[in-house]
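These notes concern the structure reproduced below.
Labels for the chains are A, B, C and D, by order of writing; each one numbers its residues from 1.
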Amino acid sequence: MIFDPATDKPQDECGVFGIYSPQPADIAWLTYLGLFALQHRGQEAAGICVSDGERFLVEKDLGLVSQVFDETRLDKLRLGTARVGIGHVRYSTTGSNLRFNAQPLTVRTNKGILGLAHNGNFVNAREMRQEMLDDGVLFQTTNDSEVLLNRIARLSKLDLVEATARAMKEMRGGYAVVLMSRTQLLGFRDPNGVRPLCIGQRGDGAWVMASEPSALFSVGAKFVRDVAPGELVWADRDGLHSLMVIPGHQPTACSFEWIYFARADSFVDTVDVHEARIRMGQALALESHVDADIVVPVPDSGIGAAIGYARASGIHFDYGLYKNPYAGRTFIAPTQEARELKVKLKLSPTSAVRGKRVVLVDDSIVRGTTSRQIVNLLREAGATEVHFRVSSPPIKHPCFYGIDTAARKELVASTHTIEEIRAMIGADSLAFISEEGLRASIRGPGVCLACFNGQYPAGIPLENDLNKLALEV
Amino acid sequence: MIFDPATDKPQDECGVFGIYSPQPADIAWLTYLGLFALQHRGQEAAGICVSDGERFLVEKDLGLVSQVFDETRLDKLRLGTARVGIGHVRYSTTGSNLRFNAQPLTVRTNKGILGLAHNGNFVNAREMRQEMLDDGVLFQTTNDSEVLLNRIARLSKLDLVEATARAMKEMRGGYAVVLMSRTQLLGFRDPNGVRPLCIGQRGDGAWVMASEPSALFSVGAKFVRDVAPGELVWADRDGLHSLMVIPGHQPTACSFEWIYFARADSFVDTVDVHEARIRMGQALALESHVDADIVVPVPDSGIGAAIGYARASGIHFDYGLYKNPYAGRTFIAPTQEARELKVKLKLSPTSAVRGKRVVLVDDSIVRGTTSRQIVNLLREAGATEVHFRVSSPPIKHPCFYGIDTAARKELVASTHTIEEIRAMIGADSLAFISEEGLRASIRGPGVCLACFNGQYPAGIPLENDLNKLALEV
Amino acid sequence: MIFDPATDKPQDECGVFGIYSPQPADIAWLTYLGLFALQHRGQEAAGICVSDGERFLVEKDLGLVSQVFDETRLDKLRLGTARVGIGHVRYSTTGSNLRFNAQPLTVRTNKGILGLAHNGNFVNAREMRQEMLDDGVLFQTTNDSEVLLNRIARLSKLDLVEATARAMKEMRGGYAVVLMSRTQLLGFRDPNGVRPLCIGQRGDGAWVMASEPSALFSVGAKFVRDVAPGELVWADRDGLHSLMVIPGHQPTACSFEWIYFARADSFVDTVDVHEARIRMGQALALESHVDADIVVPVPDSGIGAAIGYARASGIHFDYGLYKNPYAGRTFIAPTQEARELKVKLKLSPTSAVRGKRVVLVDDSIVRGTTSRQIVNLLREAGATEVHFRVSSPPIKHPCFYGIDTAARKELVASTHTIEEIRAMIGADSLAFISEEGLRASIRGPGVCLACFNGQYPAGIPLENDLNKLALEV
Amino acid sequence: MIFDPATDKPQDECGVFGIYSPQPADIAWLTYLGLFALQHRGQEAAGICVSDGERFLVEKDLGLVSQVFDETRLDKLRLGTARVGIGHVRYSTTGSNLRFNAQPLTVRTNKGILGLAHNGNFVNAREMRQEMLDDGVLFQTTNDSEVLLNRIARLSKLDLVEATARAMKEMRGGYAVVLMSRTQLLGFRDPNGVRPLCIGQRGDGAWVMASEPSALFSVGAKFVRDVAPGELVWADRDGLHSLMVIPGHQPTACSFEWIYFARADSFVDTVDVHEARIRMGQALALESHVDADIVVPVPDSGIGAAIGYARASGIHFDYGLYKNPYAGRTFIAPTQEARELKVKLKLSPTSAVRGKRVVLVDDSIVRGTTSRQIVNLLREAGATEVHFRVSSPPIKHPCFYGIDTAARKELVASTHTIEEIRAMIGADSLAFISEEGLRASIRGPGVCLACFNGQYPAGIPLENDLNKLALEV
């Protein structure tokens, strides 16, 4: 049996990247660089698609960016004359885990060849797909993206920008998409701005779009602005253009971007991620103070909140859990014993916790299994008390906008009280940040808290069973 | 630079295989076995698709059957409960050489999930594709197969058999196709029967369809009959069914199946391949006798005709050219010198030719470059005369029905007289079999001789430049 | 060009692991688990060797543990009946970077088949090798280990333990070795204890030896004690045995184990690593105080010292540099521009440093190139001052005991004053911990400071040019 | 379960190749080319070693030449300035099937770095190895070659040529070896000339040594002469030199070279292989005539003898068994049914045998299992009689000179009469060529017939159980 040493985190699904250069550039390599910076957003598959106005090439496969692209494979895409490119890293959401679902998806249409990379989910994809199936359309993947591209293709009287705008109005959900033709790069975002997308520009004039500013910086671009919720932007030889397709919505960006997904050096919708995490930790400390000797983060995502907690509480921050940097690799585990060793392989207490009352700060609890093991590790290492603090509220509801939080029945907080969870994980005390505390910590636009409170700003699917969507092939 | 040691042969494009078993069977492995027997028909890609009525799985990739399918990959397809499967080996024709073009092609339609494997070409694919593009359909591959599947899907009011029959009527060209749903296996052949397809049955009742009887035998099936030109057959839990969709055409099977493509142990449309080759050799001997000491085949495809030539002429058959069985492997050749060594690597004269007047029998001459090198090798090895005899007429025209004979301008016989070719290849004499001699040797139904005489029984594309069809992705 | 995103750290060379179980056990998997925990000590090659008393199997190759061992390969070693095994992870020191140098090294001798895994260097290997070469011995690798094994084999009248003890007396340098026969596991350490080796025991009675206690814990063993400098221990069916082969030396364990190599959750010769790093940071703060706003570690190795610095100075600790967890992967970098981007790919400032006076804490400076880039990144991100603090003294001398610190001329501190280095890296101030401060922080046995002060406790090679040792094959 | 579709042939063990060029040349590529021509002599592993006088590089691995050497790997060896190189293809004999046993073996000795490639076996390797083990030598492989190299190294007062000559006198068995230092290429052959080795020269002056002349021709060299039994030759910048080390033996070349191993376009000790096979077939026809309709070879090795049989008997030669050219590839066979299908996958009768009395000509019968299946295939295809004729005498004894004929108890002819074998394989009649007929057909020097008559010209091992020699690692 092969598995990845345990995480018990929500899984982000995708990172997208696009670039349009007014003059020929090393588009494939720049896109590769951008994907490298977005690798944390999806480790299952990676792909790049480029065009020089004539040729239109794609390479994609299962694996990390560094595994999919060796020099030979990247070189196939390095047209000296390319101007447009998009890239994608993926963690599977709907659709099974097959290479045929890797992106960018490339198709030939009446608008020429198109490539598309997509982060998020369309909640009405199922109905749209069925309607088109009934109408004689065939589907080769289980990507929502194929549904979107078919909508665009069917609007055959319209040009690409118009057709895309029309399709945006038909599709509902949380999404951020980059789309390219031989001569244009388009980017757009759902009307609630659930999924992030920002715009940058390089010194040579090239326009860049990406899920996080970190990817802009990795290719030497400066941050220009975020794509607005409901906005469609496109770059071509005349520069950057914008169309507000679906105005007037209350923005509700995904709060998990700040809690866990985004890199600590990123900002999302202009709100700095590291600062937000510090504030979450501070809020947690104020909301659920406890007497203790040290504050220990679950690395790496708990670090910011732990620093905030330490500052607000006056308790020493310490490095109480060593994280094996190779623990993300494939690991062979043959026995039941192995399963119990797996968290140990990844996380190991340092001497800091010995004889100490520990405040342990993590960003979330999904199933709770890993949390229990970590608490246990700390106790075995001599911690006298373990007070668990979580910088997100209890996750009680599934996400329909592109995050894999596990099925509802697996969400420990949807079926247990906080006291029950505390007992289960074996902590001396357990506290989650409040929704108000979280909202205040992000201090940004409205945020989506659907997985905490069940209020879905962008609608939900008619039928919840997303597995039904899956094409077996 | 990497190349495969020289062949100067027409390239067959594909082999197809399908199986329907009334009870659960090891469908994936049987299909693998069938593809192994058809490997000579296509070495570029291989794929298998299976279903047990619920699940519908496909695995395909670039490479030989033995390279694409290791145990792990084949095991993924080995549902204990499968009943239907199809397989494909491919040599690329239209469409570039990408893994995305590997078959079976699998799609979701209003008729459920379908898998398709295809040998041949549709001459009106370009127009059909354009018409559908204009209508808002999108295409993800450059396979003709995707055009066909879209036609079937668009006939949304009809069931799968009816829609397939209707689509057969719309498509023109030379083709043999196996198509599967979760519960049915379909097979059909163009109205001229240009490309072959036959039916067999195993002792356990399973129905098998394949490009050649050899593949039936490899899975323990007995030959039942050929699919008739223009016929659609299908197997399901009620048995084998037939519909004559396009009756009344004069059959014109591809003559190259007997000349070169099919295995020596196969028969095509009930005409035995080895016997036909013997007769071709005999006809050649009668048409173009020459005094000589030995008859030498270019192995392996020239063996049958050489035996026939030897018998009719009374000249000794001998094994004058050793063929390195590893010469088909990838070979690294760095320099100009290397290119000249490459035929040597594959073919090497034995002592049989020393001091002898040699009749050299080959099945075809396309560009003539290899022929010149072989003649030269024989002379260097001491042959005193080399008389070149070819068991096909001069190839002057391209094939539009699925064979890659090279572009017309590269066909040496379309721009040179026989005497010019003789001088070019350095033979003492050169003769090709006559069209009449060939037709009589096959002694079967009408045969397609389009590449020799330019008479295309199944029409030609509106525009000849097939490359224009290619999607770059 | 392919390179690993920059590090400018001393490279540890190896981790070793061994296990002897009184009853049959899953030796191969336990060894794999131990190597996983030691992966940070060597990423170039990995290998495992096991025996069940009869069979003696080895698998090794270039790559990470997770790359070398997939399930198929590990299964080859999983004799149900094995009792002895050793494993090795390697970073190349002497000898080129070839698979033939991967360990364990396995040989057949008059003492039966032996397997050996080795951390460290023998300073007299060159002379020993030459002497044996002159005597008619042949060498197949460039491992020092082969020299050692030949010494053991040549002592043909002695049993394995006696011969090993004799060989220990002949070899000089810094080393820790595990050695196995079909029925015994031996471990030994140089008389100065330069390289670490400890002993543990599992609940089922199995004896374990490893470079770090973390590897003991990873297989469920408890720490028993360190192997003493100059001691030879061995486990067999009669239990664990010890022989003090070379008594009386002043122990001088490598100080870099605490500074950088060992995991934060390890202890070396009973001195806790994390606590030592905290004390180094505290000493640094006392020795070179500066007014500043935040203390920022270079992750991950600078974290402990930064926490210590923050505590002793009263300045806020903050997470100022995000480390991309995928940056250790192979990365394709085509241009000069790329080379400048490479540190950016790995490290990226968070908002914490904006407008702040930063104390940046790193564990060492070797060439200084990376340090300059990090300082520059912080300034670009808005740090108003950058004060560089280093938790090791300036490295001025090469290590001859198994650490690759780069050739002397590349050691920036051997050719530049501290003020010159400060100017070069662009810091506002620069300070290194003093030798006294370091020694006090480790508070353990005598430590080896040779790379700082040139005093080599275990001797040096007759000729320094270790490259001369290299076999080209 | 994975196996190679059945052969029931003696397995040749190795091919060797060496080249010395007076001026810098593309040694690695020429050696690769030579190995390609010798691929039929060993498919398990391949390796190349080159030197330019300074550098000494080796690459080797399990697999075919085309699998081991892709462009990247061959390029590593392509020193623009190389002058010496050797290569090896291997089928395992003694020693298990591990990559560590791949050749060339490269070692550092008092005579500098040496590389060695070896075909054959030393019958006294076991005693030599034990004697040296007792003396404190260690062994890392199970190659006989390592024994030889140790002998050479131990003669430390002598130069390489002298030491090699001395070692030849100590070792007994059947062998052909190429050995290189940085500046010399040596070749030598056992005193009986059991294993073949010949010398050629290229137009540019480069000296080439190889197991078969075909390999000389593949690199553009002309055949000069065979290395004489017991002779040592070497090439260096002064040209080609010779020393008759062990004169006066009766040459007894392995008869299986002509029967089966060597390419049909080769000659061995100046006796043409194809002609010898023709004569074997003629002798068989004279010795065991039968009335029949066609003579059918088991392809490919039976072709020559079948042609000879047809000529001497006046019965038509025909192509009665199609051989699938892809059948040598790895093949997955899951069930008992599969095992029965495996010969079918490789060999398939053509229509030629239907209704015919067939003389089936094969080169040897080892276990008889495959023979039975082929006879059965012919009967199923309609052959009315099958008369089995074998161009070698019954194999009753194992080979100790480098051929894997299977253990004695598996040799069907050592435990059964000819009539019993006939009944077992189901033939209507069965005849083997006589020893006299074989000897007369080869018409060359004395030949080794040990596997037929148990007379071992070069001695046998003290103990027969060669497996005892095996190092498990």
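Heads up, the rule we're going with is that a residue touches a chain if its C-beta (ideal position, glycine included) is under 8 Å from a C-beta of that chain, and two chains touch if they have at least 3 such contacts.
Chain by chain, the UniProt names read as follows: A, B, C, D = Amidophosphoribosyltransferase.
What you see is a predicted model; the values in this text were computed from it and never measured.
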C-D compared against A-C, more contacting pairs: A-C
Chain whose average C-alpha position is farthest from subunit A's own: D
Inter-centroid spacing, subunit C versus subunit B (mean Cα positions, whole Å): 60
Between subunit C and subunit A, distance of the C-alpha-averaged centres to the nearest whole Å: 36
Centre-to-centre distance between subunit D and subunit C (centres being mean Cα positions), rounded to whole Å: 48
Overlap residues in subunit B, where contacts from two or more other chains coincide: none
Chain-chain contacts as defined at top: A-B, A-C, B-D, C-D
In the complex with subunit B, residue positions of subunit A that touch it: 49, 54-58, 105-110, 113-115, 133-140, 149-150, 153-156, 471-473
In the complex, subunit B residues that touch subunit D: 2, 26, 29, 32-33, 36-37, 39-40, 64-67, 69-71, 74, 214, 217-218, 220, 263-265, 267, 272-275, 300, 303-304, 307, 311, 316-319, 322-326, 328-332, 334-335, 337-338, 341, 344-345, 348-352
